[in-house]
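Two complexes follow with chain A in common, the first pairing it with chain B and the second with chain C.
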Partner chain A sequence: MGAVACDVFEDELKVQSPVALPEDLVKGKENWYATLCRTGPSSEGVVVRVIEGRAKKIQGNPNYPTNLGAQGVWSDLGLQQLYHPDRLSNPLRLNGEKASGRFDSITWGRALDEVSKALESRDGAVAMISPPMRGHSAVIADEFIKAFGGKRIEFESLDLKTYRSAIKNIFGQDIQPHYDIGNAEYVLSFGADFLSTWVSPTQWQVGYGEFRDSEHSHRGIMTHVDSRFSVTASNADRWIPITPGQEGKLALSIAYVIIEEQLYPSGVDVNSLTSGQGLSSLAAYSPENIGNQLGAPEHVLGAHSVPELIRTVAREFASHRPAIAIGGGTAGASTNGLFNLEAIYLLNHLVGSVGKEGGVILNPESPVKNLKATSNAHTLSDLEELIRDIKSSKIKMLIMNNVNPVYGSPDWIGLEAVLNSDDIYLVSIDSFMNETNQYADMILPDRNFIEDWGNDVPEPAAGYQTIGIQQPIVNPLSDMDPRSSSDVLLSLAQDLGKDGNMPWKSLEDALKGMSDELFELNRGSVSGSTKQEFWSNLLRQGGWWDKSAVGQDRSNISGLISKVIDKDKEPRLSGDGDFYLVPFLHNSLLDGRNGDMPWAQGTPDPITSVAWQTWIEINDKVANERGIREGDVIEVKSGASSITGIAFVSPAQPPSVISVPLGQGRTKGSAYATDRLDGESANVLDIIENNKIEGTEGLAWAATTVSITNTGESLRIAKFEGDYESREVGFTEGEELIKTTSPGDHDH
Partner chain B sequence: MIPKGNIVAATLVGLIVAGITGFILLVVAISWFSNAPFGLNDAPAQPIAFPHTAHAGTVEDGGLGMECEFCHRNVTKGDSATVPALQQCWYCHQKVSGGDEAAQAEIDKLVTAYSDGVPVNWERVHRLPDHVRFVHEAHIRHFTQGDTPETQLEVKEVCTVCHGEVAKMEEVQPKQFQSLKMGTCLDCHRKYDVPTDCTICHK
Partner chain C sequence: MVVKIEHKWGMVVDLDKCTGCQGCVVACQAENNLPINTKDLFMQKRAFEWIRIERYWEGDFPNVKARYLPVMCQHCGNAPCEPVCPVYATYHNDQGLNVQVYNRCVGTRYCINNCTYQVRFFNFWEPTWPERLQNQLNPDVTVRTRGITEKCTFCVQRIRRAEITVERRERTKLNDKTMAARNFMPACVQACPTNALMFGDQNNKEDKIHGYFEELHGHDGHSDSRGYRILEEIGTDPSVIYLKKVDQFKMEHSESHG
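And now, the complex of A and B:
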């Protein structure tokens, strides 16, 4: 110890002359560059602080339309990814059996040569799996895979296909809308944890800040319906816990009250919505009829019965206009998820909020030809079809483009078995080892978003045409040799003469073409008298947007309520357990994609404050009855499989529900993701049963019932909550800034 | 009763021990407050024997008369003086050869390191403790932009205020000119009526 305290590290006795003259490396000078962050559920405009050639800090870009300077918890992960000690530095070629973990580090020349030969010999039988992509990376990936006669699947563990379908059916377009929460008076949300992980949380958080700002002319009211006490539920004025799968019935019951009491604004054509049937079309959904089906508690914020509560919410929702109804998450994850979401979004038509300030703002098409404003919507069923194609040898080569479906899909899908076969040549483009690329024949290290070009049509945009641009802000570290995945695909296509529909030397070249196209439009936020000046300003600003280029309401409301009612079916459940299983995206790990980042692991969950572990949320009375205490290792079992996690006992947890976050249970990859004690880390996707959503074939991930068993083991739960004294605020001098209101006593 | 012979021997031993102890304490004291004797505090040999005399020494003394900030590029801009990149040395030494065989051998080391892309790790002569901040730029500004003749020096003259006549030093060693310890800083701050609050220098 003495030596440590008194001695000087040997390196500090040296002063180094670098080899090259660092003309721009003036000590202490910082530069900020605009780009796009790609570590969250949606892209965000950010600025990156660079000192002496190294990225030091990422913050929200104050000009970027969707996040306006705010940033998600994921933004800082970009730096950890950039400097991560376990990041793959060179191409790796399998040397031994698949999953043996034996890889040789080889040069890019040899790696591309081998992949090129594999492509040539398997032409027509190539497929790609990627996350949802937009921008020119998606264009290049699609053209590449088309050139080799294959298909590309966009994979997400909890896919948004059902949400997208509901949007299409209710608002008449594929492009996701913007919810103008900031200007709304009332938000009625169902299942979507939009303040934490759902779709574009930073965008919604910015709006929510304005929504709740009492210095504005209003302070909005929010009611949240959810089977779990989420971040969004905890921010709402009123949280109504109901049984998963009953959200649509509740929404239609609210519609019933609005029509019955004629609470809708004068411009709303109820006759058209109900095909002339009026209230009778919704008779089955009167609060009195469905009140006892919802599983909601009898006493929520002063209501004496569930029917009374429904009527109160309906009156508030219809009288505080503009009002928005939002649905997603568990509301769209039962077997009747499509019905639920359509019923929820239908409410926006009933209160005249579609296409209005403070309501649902429809987003426009992209201003650039060939650039879509929406991702492809694939589901687990598409992945199952691909697996069948691999088994029947229709697909002989698979490219995993920054995706980990072996971890991110339930085991029963059988993906692992087909990948662990010599019949399929697997190329993985990624930055870390994971459960999927352990089966790869070749792993190609990708560049981090801070090192790479890119662009995005944000989905959803903020109600007007927007294109974000991503630029390489730093070079890779000297011992790293990653390459841009888009450039790798381009060079492979060029080598094999398959680049006919990709007239670009590189991704940068494609982006410059896009910039020229935007320049020719002669409108929008970027100025420039020449194409070069426009390009420079585009990079400086971090994107292009035109507030006057807005979307149009293409909804066809004729008979809409009847169409929705036609889809109403009781949710099907699998399993014989006592509890509904409600999985949810982890606040920072999301679906596990950020598991390698210690910052994401160590960031406490906003509700429970747990970090690094899988916790099982259990109602306190249920836990008492079963002799379960916080920290006990609990086995959660479905018909598919079982997992273990640590009990987190909470009075806020509905008694019939067990909630488990996604993101843990990694078995291959960085030690930050995998090095855990037995019982404290599990992948909840393993116990989700095979139920599909009617109408979309997406995975019904909230349709599993489970049983719980106390294993008798106990572990220390890693959390802050409860370890420090807490007290109610707002009573002592100086705390009057903290204002609490309830729905009935706010000012307008 | 101790025999007389033993008293003499004990006295001698005592004197010898006291003498050695005193000598050691003297060396430690000198080393602490000034330059250590017998080369005790010398830095290890530099990887390349760089002669400041040949570069910064006056033309009359056989040098090139280069300004200090030609190589120590950041000294007038920021906290650290910085050592130059090998590329900067190479700009001249791709043409300029050594005056004799020994000098050329040292230049060859530089050219090889540059062409191989291997940085050179010099032995640090002056190391600022972690708890102290020192900004070269502020000190050079003080001594070049003042109101009195002794604060209107040229940059290379300012360097000598603390570091001595480096241009005349074949090899630079710690404390060669002065100790550059806290006392040195305080003396100068008091002399020029600069604040001596702890937080001026200490982090």
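And now, the complex of A and C:
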């Protein structure tokens, strides 16, 4: 007979004693190497963990000036790129019609031989398209193209040309500045989703963490103006919805209030800014005059009217110093985008934030003589010109250097048609098949950043001279034979005797030359008694920086306000649709460049929690009126084309706006990017109409109107949240999951 | 001789700093060999995220907020998952961690049912990776098989490496600074760009999180009174403290969505 109802004896608890978990038995030596990560909107300093020759983890490099140990959602993606099942392993030569998909795997010797012959026979008619590049890979690409008499275009779907032009006109230099958000008391941002995808998000997020740190200083206040409820809008203390293209008027109205109420600090020369005209130059922009033209709703956070709201924001912005005004994204993507951005950045002069801690910090030139601190700013118009050159046979050979412009540009520019022709010899340097290199005559597999040398002058730097260095950390797998794109270009130039301006055996050789140059400077973060020691310390640290080598304010503020006002024109819109189309970069896929990586696809969007699919954001009340429910397949139609996606009904979407993320709608490439049902994956670039930004000729991607139709089809939406809208319910007061407090309610 | 130093690990999440960026989510998946979250897993509401960002709506256009809440295993002091496991696969270790012993788990899923925070995940299928992608798998972390339950471990493999390297070999007590400097912090904490996630030893006075736990347990010593624990009224005694989101402006809104 067993014991009945007995107590648990103490000894029996030992059943639960810790077993030797595999995690307790730590085997294998780990090493961490510093390098640069290339999967985000800007390069980041990272350290890569290596065990037994395999890369296991990527983390922020704590010493690197721009990201200070932090990482973005895309940082780890390099690992999946490195070990991707669909990564190209050998050179591929077209065997048959273009776009037939028939390629032969050939040796590097034969591939380079053929490319070399093509270069020789088409000398003087060679062009290259690449993403924005800096560092020695940019120098090599430029010298290579110059040697063969062509041009290189730096292509991005949503280019930064207008932003760069505005920076140059307002701050006197086109090197992008650093925004010292961490030390700011107030951030007023327009359109730029800087906490998610805009320019250098990890850098801004690091600052944002300090900005919200009430232990160090006052908690900063942030107002965000945007025609869509973005990640940045969701983190702002106040979000002001606005009609696309009206951002500049709002900024000038804020300027009006600051001057009218004399809210600017004593050092600001308003007389000079306004060419002596004072407030009268801005009379047309008084809140009472323009408040109702902006499309901003009334009653935003207790404001009774839009003019009152503008005055409140202007007073806050001018009284919480240092304050920063940031603009980008949709604010620079209407036909009057240049005016909008200039008007926004002008506000920094008016509150005395330029070149000051907690304000706009100007970045210096690069410390190395042939390295630029900026990328080239090309636009879709430059690509259109190249297409004309191909049509007129001025360009007969095109090198695609890790870029996918057939996917990344609207169909109406006609790039696909010119590439699908035997008149052009197309070489693609890339790691995956895509919509562009399906037309290639030759595909040369490139090394991943974890396998390759490289360097970068980060743009923007953190306010002082910085050079990041990238080193090969692991070797390619034994069944892979990728080669460094820069080394391939160098060897082609050397074979044809065109390497006169490229005195390097390899990219590594060029980097060592740069290291010697930095050694001679005898300043900065890297030490070493010999050049060799300096070089290994440079690699160990992941870069070189000198906190004392800062930029200078070269702004010429004389008459600046009048110059900006002169550019004010109403935005031109295409189409007569019921909604403004506001496309946006996807949080992890960005413009689609990370689409092959399963982690990027399987990461929920922060606002909607949708993964793997294209969703169409629509206001909940509008959806209700039109009988649209979440999951319905919606056709979005513009004058250019139409796409379909899955409705995501949002309580935060402005009623007049339809927004759609970039990044999906891939048709050629890894199954992770392309294997989708009809209706759930679309490329929003296809419906953007041909509108250009005045003064920069960039694509005005927020100047299209669209109409929507419910197709009657419905699909399950792949999202992380539950099937019902997530609102906190069922808890008594004080038991909410997310508790809030007011700034004064807790002790400091 | 083995030097054993007692710790009680804990985490602090500052809701005022979390931007919902998902950096922690991907970092965790890379570190801990989580299965690839395919589209089908999302459709089935079975995506594996040891740390996830919950997003809650508040208000309506234009006075609307999206609130983010990072949720991972709360490593409860009174964990509801522990007593229901018939095979002691989940137990509380002597460092305050709620530990899952994979090779004991028989897949009853009682722990998943009983978890207040829904942070336990069941492998309904054998997780698979294409052959090349297997090169990325972290050798310090077991790949779980079909039929067992898994969850956040506070990156126990990193804590173990830290103990071996710092405490046993170098004979120095671990603290949050040495863990951060030498890549021993949990992957989510290390990744977070805004420092919304903090990790450390609740018992170590030098660690930044110590004060928050002291204050919570009724001792004086920390100046910030934003700390609370989610669903703590149930009595789970979680090892994760959340710091309240600061609302700069009060929002007047109707509770139309109840």
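One rule holds in what follows: the second predicted complex is superposed on the first by the 694 of 748 C-alpha atoms of A that agree within 3 Å, B and C clash if a C-alpha of one lies under 4 Å from a C-alpha of the other, contacts with A are read in each partner's own complex, and residues count from 1 in each chain.
Rule of thumb we're sticking to: a contact is a pair of C-beta atoms (placed from the backbone, for glycine too) under 8 Å apart; a residue touches a chain by one contact, two chains touch by 3 or more.
Here the structure is a predicted model, which is why all the values come from computation and not from measurement.
Would you check which partner chain A:87 touches, where first means chain B only, second means chain C only, and both and neither mean what they say?
Only chain C; A:87 stays clear of chain B.
Contacts for A:721 in the overlay, against chain B (first) and chain C (second): which applies, first, second, both or neither?
second
Between chain B and chain C, point out the one touching more chain A residues.
Counted on chain A, the partner with more touching residues turns out to be C.
After lining up the shared chain so the two structures overlap, which partner does A:126 touch, if you call chain B first and chain C second: first, second, both or neither?
A:126 contacts neither chain B nor chain C.
Output check: A:196 vs chain B and chain C. Expected answer is one of first, second, both, neither. What do you get?
The answer is second: A:196 touches chain C but not chain B.
Considering only the contact definition stated at the top, list the common interface residues of chain A for chain B and chain C.
15-16, 18-19, 21-22, 26-28
Could you list, by residue number, the parts of chain C that touch chain A in their complex?
14-17, 19-23, 25-27, 29-31, 36-39, 41-43, 45, 47, 49, 52-69, 88, 91, 93-94, 99, 101, 103-104, 130-142, 153, 156-157, 160-161, 164, 180-181, 183, 187, 190-196, 223-226, 228, 230-231, 233, 242, 244-252, 257-258
If we count contacts the way the header does, which residues on chain A are in touch with chain C in the complex?
The contact residues of chain A facing chain C are 15-16, 18-19, 21-24, 26-28, 30, 32, 47, 49, 51-52, 54-60, 62, 67, 69-77, 79-80, 82-85, 87, 195-196, 201-202, 205-206, 208-209, 212-215, 219, 221, 229, 231, 234-235, 237-241, 297, 299-302, 477, 587-588, 598-599, 601-604, 606-607, 609, 611-613, 619-621, 651-655, 716, 718-722, 725-729, 735, 737-743, 746-748.
Which part of chain B faces chain A closely enough to touch in the complex?
74, 77-80, 82-89, 113-114, 117-124, 127
List the residues on chain A that touch chain B in their complex, please.
Answer in residue numbers: 8, 12-22, 26-28.
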